[in-house]
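My questions will all concern the structure given below.
A, B, C, D, E and F label the chains in the order they appear, each numbered from 1.
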């Protein structure tokens, strides 16, 4: 276990909490190498960078995954992560509504559906 | 000219500055109706909402347009808009780098190219 | 309830029928604001425009949602809407087959699957 | 030259006119096989089908290519094709405006830019 | 039943095995014409071409469907097809991991999930 | 300069040749950090993995970038890379033709255009 992996794992826990751990555990059984890269590159290399706060990073990720519309499971993980690092439900709703402008109404409706599922588990 | 259009135009000027005005002027000559909707819905309805600051809204938009990779001209407008509402060049670079994780390296490289063109005009 | 909202609601009922109402009801419980925008902008502003018939508008929407492939629930709503405003099942099949050319076979196969589900509910 | 190829070539000329011929000529010099498939499958197999008129087929194609946003050269060919088979400029503008709803404002703005370029060549 | 259709059906069986047959059977009940095109164009025209081996063709298809992320059912068919024509599970894992670079981590994670489901049925 | 960076740089040179170096040089002047990640993650971590040959890796990348259609500059780099690691022009043409099936004809036509530009520089 390298330093880079260790640092990634700590960031993953801080940001994604239990959900992140579950994603990695599920991935370990399919592809340990992809699990390792998912910890190392995004979480040790990128999220650890000081130039942008975690709250702002989750705004960017929630926006991007809502807009592309091809990563519903990952969008849910990051809506939860957004709540973990200090975004309010109202702010997440706001980001998703804004995506009507850049990716159309279906993308925003499907993003809001993901938010509904995450929010209902946190009440 | 309705109140909604008027409010949209003011927000457009505040956010996009001269660039936004040019986009609308160019659009007027092709489709005055699309020009009007572009002012009314995004700028009067969405960007005017109080739940999220303009700086945060531009983080979301820059992330989304970098990730989808099909809106290079609009990405440039919003990188400029990001600078206008308080994002630093380093923060915009940070958002684009983060998109390697969610949309791959080509999307981020093309986003960074857009940033380079905007930044070089503002020096 | 503004005139714009009222006009949107009437268009939504005319086009999407019961299905549209259900979509909006489901959305009300998650994000009343997104529900309102979904009624106002697409249905009061756009579908109400006189330049293109509803039958032609649904051809455009079914084609677009089949091609992008990221909005399966909305595609089903609009296949039903297509039937409501006068498209035949054979015409909808035709639009989806044509999308093999512009978005590939998987997009058309998934669009046809959506059509099958809608058609089986209308027999 | 098979019957299928011959039929495709005739349909291509009827729909796309000179522009279509130029596309195929350009393609011949790169990949004669892709040129042949482009004539045979879309134009002999699909556009020849009787279930939908050419005007309606071009509505579908213009909508799909505007929404996906990755085929600007082909979108221009089909905006021209739309004019050839009876769509008015105002109807094409209408289809593109409608795409704001399903693919966002940047997709529609870029589609309208393509329309502007085609329309300015036909005045 | 034309020669082209017959040749396509044989290639489909060779490449996709039982799974391919099921896809076509399911499709027959919805759209016999789309079923026919799906056999004729991809399998009689394209996969029959001598310039690239079936193993290499499946590398291309698995990569493309993982990257676009909008064709999960078809990706599973082609992961099975990859195994049928000689790719190992480790090689398929490798292709999917590589897609982190070109389409981001969520696309690769969802592709790996598809591989897991196919692999677990073949043990 | 870490070992990982050094290894990535060597792989980049082996695969992309001069073109790769130019991409990185251009990137250095915009974002040295993104340049570093582009060398380290794709080229030191992924392309260095033993499970798949470079020729097969380029098949995967050319297929994916043709299909997504949002990375024309990177597609050109990888068509050149494909030639560098042993793919013939005919094989690259074959991969792109196959993408008509999975991403539609416009994606393949635009991919073939990229190939034409690369091939004409190597004659």
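The working rule: contacts are C-beta pairs under 8 Å (C-beta built on N, C-alpha and C of every residue); 3 or more make two chains touch, one makes a residue touch a chain.
Here the structure is a predicted model, which means the values were calculated and not measured.
Undergrad: Starting from the defined contact criterion, work out which chains touch chain C and chain D both, please.
TA: Neighbours common to chain C and chain D are A, B, E, F.
Undergrad: By residue number, over half of the contact pairs should agree; on that basis which option among B-C, C-D or C-E is the same interface as A-C?
TA: C-E
Undergrad: Please identify which chain has its centre, taken as the mean of its CA atoms, farthest from the centre of chain F.
TA: C
Undergrad: Which pair, D-E or A-E, has more C-beta contacts?
TA: The greater number of contacts lies at A-E.
Undergrad: Could you give the separation in Å between the centres of chain A and chain B, each centre being the mean of its C-alpha atoms?
TA: 23
Undergrad: Using Cα averages as centroids, what's the distance between chain D and chain F in whole Å?
TA: Between these chains, centre-to-centre, one finds 30 Å.
Undergrad: Note the residues in chain C that touch 2 or more other chains, in rising order.
TA: 33, 37, 41-42, 49, 65, 67-68, 70-71, 74, 93, 97, 99-103, 105-107
Undergrad: Chain E touches which residues of chain C in the complex?
TA: 68-70, 93, 96-97, 100, 105-110, 112-113, 115-116
Undergrad: Once bound in the complex, which stretches of chain E touch chain B?
TA: Checking each residue of chain E against chain B gives 67, 99-107.
Undergrad: Can you list the chain B residues touching chain D in their complex?
TA: These residues of chain B touch chain D: 23, 27, 29-31, 33-34, 37-38, 41-42, 65, 68, 70-71, 73-74.
Undergrad: Would you tell me which residues of chain C are touching chain B in their complex?
TA: Chain C residues touching chain B: 33, 37, 41, 45, 49.
Undergrad: Mind listing the chain A positions that touch chain B in their complex?
TA: Against chain B, chain A makes touches at 41-42, 46, 49, 51-52, 56-57, 59-68, 71, 74, 90-91, 93-95, 97-103.
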